[in-house]
Amino acid sequence: MNRTSLLGIGLGLLALGGCVAPAPDDASYESKAAMTAQAALSAARTAVLSTHSFSDGGLPGTYLEPVLEDAEQTLGSVRDTFDSVQPPATSAADDLRGALDPLLESASSDVTDLRIAARRGRSGDLASAADDLSGVADRLEAFGQEHGG
Amino acid sequence: MRASDLLGAEVHTADGGRLGVVTGLRCTSDGPSTGGLPAPRVRALQVTGRHVGAALGYQQDGQRGPWLVRALVQALHRRTALVDVGSIDRIEDGTVHLSGTPD
Amino acid sequence: MKRILSVFLGVLTAIGGFVDIGDLVANALAGARFGLSLVWVTMLGVVGICLFAEMSGRVAAVTRRGTFDVIRERLGPRAGLINLVASVLVTVLTFTAEIGGVALALELATSVNYLLFVPVVGFAVWLVIWRLKFSALENVFGLLGLALIVFAVALWKLGPDWSEFLHSIVAPRKPATEDLSTYLYYGVALFGAALTPYEVFFFSSGAVEERWTAKDIATSRVNVFLGFPLGGLLSVAIAGCAALVLMPQGIEVDTLGQVGLPVAVAVGKLGLAVAILGFVAATFGAALETGLSTGYSVAQYFGWQWGKFVKPRQAARFHIVVLLSLMAAIAGVLTTADPIKVTEYSIVFSAVALPLTYFPILVVANDPVYMGEHVNGRLSNVLGTLFLFIIGIVAVAAIPLMLITAAGQ
Amino acid sequence: MTDDDTFDLRLRLLDRQVVDPDGAMICKVDDVELVPADDGGYVVTALLAGPLALGPRLPGRLGRWTVALARRWADGPDPAPRRIPFERVTELGSAVVLDRTRDQLGIARLEDWVRTHVIDRIPGSRHESE
């Protein structure tokens, strides 16, 4: 019985292994950054879209909460994974990290704001946090496109 | 003796040559009928060079389609011989020794 | 009249029972990332499942033998055992994914963490298998699964340019930003989701459970050839919704919540409630099917009494196997491995295991001694051989593609 | 090579499902007992079933373990596979039909054990499904 779950875990680790390996050069660091931006964009836009849909009466709070929790978790792990990559010792790499890291940070904190506002049922806070997050998402998208995602 | 003692066994002729592997047991339905049915009687060993695909039934009993599968299996079993069980001398260690050399 | 009604019911259950967690996830995933450019794979898969489900149903109706009974007979005990072990592992993995899916759907309905639902869902699955009649179990969850039609409604409401929509299905073009290997990997996943082996075990054993005879072959054909393609359309609708709503936003699907999002956007709260009902029914129904299928497979290999048409105590070993696989599946979900990831792996491994099931069925459906006048016709054989090729290529390519693309990243 | 009154034992008898007169499933034909006949050929005298019949047909270590485990579990000094005399067979079709039920033959120890020790202790095991 445990064979199945072990298999799943083993394969999961295998998949993760692809991301945590140290980045050898600028090009691959850049592509990692682009992939990170893409994953963060996906989570951020999910949060924005579902919050808007909630405000329009399209989905109930019970649905919104787990969706926001998942987005928050995804953003957290995306950021951790990116931070665990050792950037090459070049100024280009430092610039990339300098541009992406704040975006990840604000996306994370915006989604957390959203989750808190959703639990408290404060629609005003929700709307403003969603606007902020939407802006971050646009910048993440631009970053991803610029760096070839 | 069990059917599995014969199936998959190597077949050697009296002069020590290897004929192949037993992949089938040809039967007639004319054994003693103490119950409702006459017992099957194994008459001959089907011997081929290879084991693969032998149970699929393409050498016996009119299994026909699909065409491509049949063609493949038959290509694997081009050299098939039927050996009368009467010519079995002895069976030991998964090898059937024949008392003669069939052609 | 009664006969028409029962055929109609059969078709409806076939539609509602077609989609499971694998189809939900794979189609939403592929739709969000590749638009409609992989819909052709789903359609190809539907043709394949129709072909082989019909064959296995016909074999079961004529001979009253389930698929694994026949597999052992044709492959012998050795190859049959390897086949059994591989099939059971894949089916238990799928079982795990389905139970995780039910729990995730309940989380979306209540905001309560999905892990808390797992023991309850597990117990409910066991209780239904233990107590509910086969036909009731099949009909109830099949009919409830029809709730997923809300995805077709959502697609309609989203109002795409239909000629463009159809064009991108029939003339698929891989998005320029995606690698070919990733595109093919998701193709394999979709194919595995449409053709999951347990569907064949369940369908053929179900034919025996419902005591089909050669007379029922016509009914079974209507169910399969009408019900499965219409069920396949639900898959396409899920992909279409994801392509229209999620793809432009750059959203990649990795949760069940994202799968339902387009319905919320297009239809609203009520629609979403229906979609969640559909998720629960489809995954719960599939959990029953996968659980029973492990029991069917093992019991049929060893010649044990199986089935729900006898009292549980008359099929003791069968029920023990079902119970053990249920415990394995529950333990699997409780490892907190992401059920969506488990689903992705389950459908890829399904694709790898496909030839093991489909090849023996094709051979037996051709055995004139066994099948008499119901032996395969020429069309079935030409298509069957063609599919065997496709399935073989997919099975061989699946693992290398998974490694090359790091599971589609 | 194919003629109408002969058939292949492996294809038409070995690994077939064995059922009772009502179609209840009993076991698989795990192996077949053959005895040389005075008037030529080997005659099928019995169907063999259970781990002691299936084990030797499984590959290598797995087969040996199966046999060893089954021997330990069986009673008596020289355990043999379950044996169903061929007289019991009434039909050879897509299944092998016997004229006795499983309980009359008394050949499924594991089933009996699982039934009395596990299944019968769960409420509802004696009821038809609803």
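First chain written, first letter: the chains are A, B, C and D, and each begins at residue 1.
Keep in mind that, in the parts below, a contact is a pair of C-beta atoms (placed from the backbone, for glycine too) under 8 Å apart; a residue touches a chain by one contact, two chains touch by 3 or more.
Quick caveat: nothing in here was measured; it's all calculated off a predicted structure.
Chemist: With respect to inter-chain C-beta contacts, which pair, C-D or B-C, contains the greater number?
Modeler: Answer to which pair has more contacts is C-D.
Chemist: What chain lies closest to the overall centre, CA atoms only?
Modeler: C
Chemist: Once you find the CA centre of subunit A and the CA centre of subunit C, what distance in Å lies between them?
Modeler: Result: the chain centres lie 31 Å from each other.
Chemist: For subunit B and subunit C, what's the span in angstrom between their mean Cα positions?
Modeler: 41
Chemist: Please tell me the distance, in whole Å, between the geometric centres of subunit A and subunit D computed from their C-alpha atoms.
Modeler: Whole-Å distance between the two chain centres: 59.
Chemist: Considering subunit B alone, which of its residues make contact with at least two other chains?
Modeler: 55, 57, 61-62, in rising order.
Chemist: Among all residues of subunit D, which ones touch two or more of the remaining chains?
Modeler: 10, 12, 57
Chemist: What are all the chain pairs that meet the touch criterion?
Modeler: Inter-chain contacts occur between A-C, B-C, B-D, C-D.
Chemist: Across the complex, what residues on subunit C touch subunit D?
Modeler: The contact residues of subunit C facing subunit D are 62-65, 69, 72-73, 76-78, 80-81, 130-134, 136, 299-306, 308, 310-314, 316-317, 319-320, 369-370.
Chemist: Which stretch or stretches of subunit C touch subunit A in the complex?
Modeler: Residues in contact with subunit A: 89, 92-93, 96, 107-111, 177, 245, 249-252, 254-255, 257-258, 260-261, 264-265, 268-269, 272, 276, 324, 327-328, 331-332, 335, 337-338, 341-342, 345, 406-407, 409.
Chemist: Using the touch definition up top, name the residues of subunit D that touch subunit B in the complex.
Modeler: 1-2, 5-14, 31-37, 40-45, 48, 53, 56-57, 85-92, 99
Chemist: Using the touch definition from the top, list the residues of subunit D that touch subunit C in their complex.
Modeler: Interface residues on subunit D, with respect to subunit C: 10, 12, 15-18, 23-28, 30, 49, 54, 57-59, 62, 94-95, 102, 108, 110-111, 114-115, 118-120, 122, 124-130.
Chemist: Quick check on the complex: what are the subunit A residues that touch subunit C?
Modeler: 1-5, 7-9, 11-12, 14-15, 18-19, 35, 38-39, 41-42, 45-46, 49-50, 53, 56-63, 65-67, 70, 74, 141, 144, 149
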